[in-house]
Amino acid sequence: MMRFILRRTLQMIPTMLAVILIIFVIFSVVPGSFITSLMSEGRNATNAQVLSHLNEQFGLDQPLPVRLWNYLSGLAHFDLGISYRTREPVWNVIEPRLWPSIKLALCAMGFAAFVGIPLGFLAALKPGSVFDSGTMVVAVSGLSLPEFWFGLLLMYVFALNLGWLPSFGYQPGSIRHIILPAIALGVGPMALLARTTRAGVLDVMNADFVRTARAKGLAEPRLVRSHVARNVLVLILTTMGLQIGALMGQAIVIEKLFSWPGIGSLLVDSVAVRDIPVVQGAVLVIVLWFLVINMLVDIAYALIDPRIKVS
Amino acid sequence: MSLRFNFALGLALVVLVVLGAVLAGLIAPYDPIMDADLMNSEMPPSWEHWMGTDGQGRDVLSRVLYGARVSLTVGLISQLINSVIGTALGVSAGYFGGWWDDLVNGLTNVMLAIPSLVFALAIMAVLGPGLPSLLLALGLTNWSWTCRIARSSTLSLKNQGFVQAAKTAGFGNFNIMRTQILPNILGPVLVIATLGIGGAVLSEAALSFLGVGIRPPQPSWGNMLSDARELIRTAPWAAIFPGLAIFATVLGFNLLGDGLRDMLDPHMRTRTA
Amino acid sequence: MSQFLPDPVLSVRNLRLGIGKRYEILHGISFDILPGETYGLVGESGSGKSVTGLAIMGLLKRPLSVTGGTIHFQDRDLLKMHPRERRQLRGDRIAMVFQEPMTALNPLVTIGRQIAEMFVIHRGMGWPEARRKAVEALESVRVPAPEERAHAYPHQLSGGMRQRVMIAIALACRPDLLIADEPTTALDVTVQAGVLELMAELCRAEGTAVLLVSHDLGVIANMCQRVGVMDQGRLVEEQDTRNIFTNPLHPYTRGLLAARPRLGSRTPGQRSRLIELDEVVNAKDRGRDMPTLITPRGPQLAPETRA
């Protein structure tokens, strides 16, 4: 198992390198660098001397391959560079944002799983029923909903009109603050999970081994418990993994809407002022999160399904 | 909820949005930008303003209609770009195999690892706001699923009799891909593109909402929501209607895509209906 | 027949089934199976022999359902039983072995547990005891190293071994009737005989009656005392196995026999199976309009009798 994890970890490295390369190339073609955008905003860097000094300080006077090499060798000892804006190490800017982002992603997924999986399960047990149709209407609507609009409506109803919950902001350890953003962010994954669960249960219910289980005389509850649930779980797990992995990236609009101090809002703010090192760092964290979650899903997969060889 | 009803509903929604966008110039009661009337700002829906007015006294209905133009343009064109890139890469990778296949595969995995909204945001940061940037940002970042499907379909088609026969008959590689393989994968590519239009409409709205998409005063559903966010307490209609328009459009394309998939592949019906 | 015969363990009378009333798939079939007897149902695919087995088990899938007739098991009408009672009978008194050894076992559960489940649900045993019984059951179907194999997952076993596991599950509770639906069709020819012999031997030892469903006349001839021939939802002939080979009565049976590959008859002229079959099977010649569902397609019988 340790070797499996190690191999999967090594497999992430080329992907991360490619991501870094892509981000680097994209931002090297920026016509206006951070420095010029500082100038256009009429701040202090108005003369050429200051400009060249700043360029030198951030290593921007060197050619792209050299800058890429410097960045990579920095990464090797967890140095993400220096923020243009705050002049702090990028990691110090990102680190306090990590936990709020992870918390939001996990809570959103918790909501999605808590609502979506039972919905899909119950719908599949009575295919074609009113409940089933209703669930599928909810699912296709959930997938089509702009989550920030939904969040805005939630804010309007539950925070501004009813006053039950705070409308925005973050407090460490406050559950009340996380409810609305988590629901807004989780509604899409919830819909997807309801759909996948329903399809998976229907698929498994038609499998030959379920017919065997019936022929053995198993009562329906036991049949679902010991022969359907686990097989569907494999399917649900894949969907959930992909969703949690993507959630940190999807959260950027919700984080902005609810003023949630996560990686997403940091990314948006840094893009606005062209703080490239922070943008790069934030994108790397988002991609790394996706890759790590996918690795965890693969490990869980190997634990549940004996057909998948770990070695 | 029958499949045919779903498809019909999807088609109706899409037709409605397309008509709204095409005829915006004729049916919009006011000019979306110029008819600002600060004396009549934040008016609730009435006979003069069916969807009310926004913070600058502009007619929300007119802005929603003109906003449909942006959403549809971005959705259709960016998905066209995605489909062309994805199909070209996927078919050539599946057909030629070897190092090219490895390269395309690796690139697809990288693209899947970067959330497309994050990627698009980065590109928008470089190119600056505006419609052309949006088309490029959303057109370059969402082709991985098309590529995967095109590649796997090509792999299975490659060894079938009619492709082998065309090879034996001396057709060139490009000709075989164009005449033998492409027509056979258009179905699934179309399904992904249709579902992708919905996704692109959502992404455009999100980017404009964040202020890096379409810049005001040009109306886009995303930046209308961004403006309305400040007024949500006093003028909720300014937020409700653009959002409903996004929802209806995306729902329409999603239902249409689901319906197309079921028509093309009856086996998928039980699994995803 | 005479009064010396014991009461049948299974008695099917005028069984009809279909999709609603419009599409009938079985047009009223009747047969008896005596205790300890092995009864064969033979016919081509689509003749209705497999759904007969599923109907007796009560495992028909929607939209298929029984539309008429009775199925008596030890003098009780299965079709009038409370569903719970019938379920308790399943696996315990009436068991079934399916055709597909690759997919008929749950891939995520060890075979030991899948056998042990029988003792837990029908004998009320706890898992540890049931597990010990499962190892015994594996031993009885001659799976080598049963202790270790009990921990194996289905994908770790060969097709023949899996089918032995299926037999162990089916016979775990010593049922009175075993329904075997093409039990060896999906297996390698080399292991078919072994699995069939094992099944016959275990059933003989316990006095279990068997309903053997197969398209393979060779299998039927080796295993069964009596055989019923099915064609397009009807039981067209029923005879002692010996007689059916020497004295087939129904033209369909003759066709079936003629389509058998015989040793030493390699010259195409002698076999000419398609021509013989055409006049026998063609539904229109018999003046019946068959629902499209069971209309035979293509060169009938040829693909199946190859095996």
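We call the chains A, B and C, going by the order they appear; numbering starts again at 1 in every chain.
Simple rule for what comes next: a contact is a pair of C-beta atoms (placed from the backbone, for glycine too) under 8 Å apart; a residue touches a chain by one contact, two chains touch by 3 or more.
Source: prediction; values computed, not measured.
Taken as a graph of touching chains, this assembly forms an open line, each chain in contact only with its neighbours along the path.
When chain centres are defined as mean Cα coordinates, C lies farthest from subunit A.
Centre to centre, using the average C-alpha position, subunit A and subunit B are separated by 21 Å. Separating the centre of subunit B from that of subunit C, both taken as means of CA atoms, is a distance of 54 Å. Looking at subunit C, no residue sits in touch with two or more other chains.
Residues of subunit A found to touch two or more other chains are 206. Put simply, subunit A touches subunit B in their complex at residues 14-15, 18-19, 22-23, 26-27, 29-30, 133, 136-137, 140-141, 143-146, 148-150, 152-153, 155-156, 160, 195, 199, 202-203, 206, 246, 248-250, 252-253, 256-257, 267-268, 271-272, 274, 279, 283, 286-287, 290-291. Of all the residues in subunit A, the ones that touch subunit C in their complex are 206-209, 211-219, 222, 226-227, 230-231, 234, 304-307. By the touch criterion given at the top, residues 57, 59, 61, 84, 87-92, 95-96, 98, 100, 103-109, 117-118, 121-122, 153, 155-156, 166, 169-170 of subunit C touch subunit A in their complex.
In the complex of the two chains, the subunit B residues touching subunit A come out as 1, 6, 106-107, 109-110, 113-115, 117-118, 121-126, 198, 202, 205-206, 209-212, 225, 228-229, 232-233, 236, 239-240, 242-243, 246-247, 250-251, 254-255, 258, 270-273.
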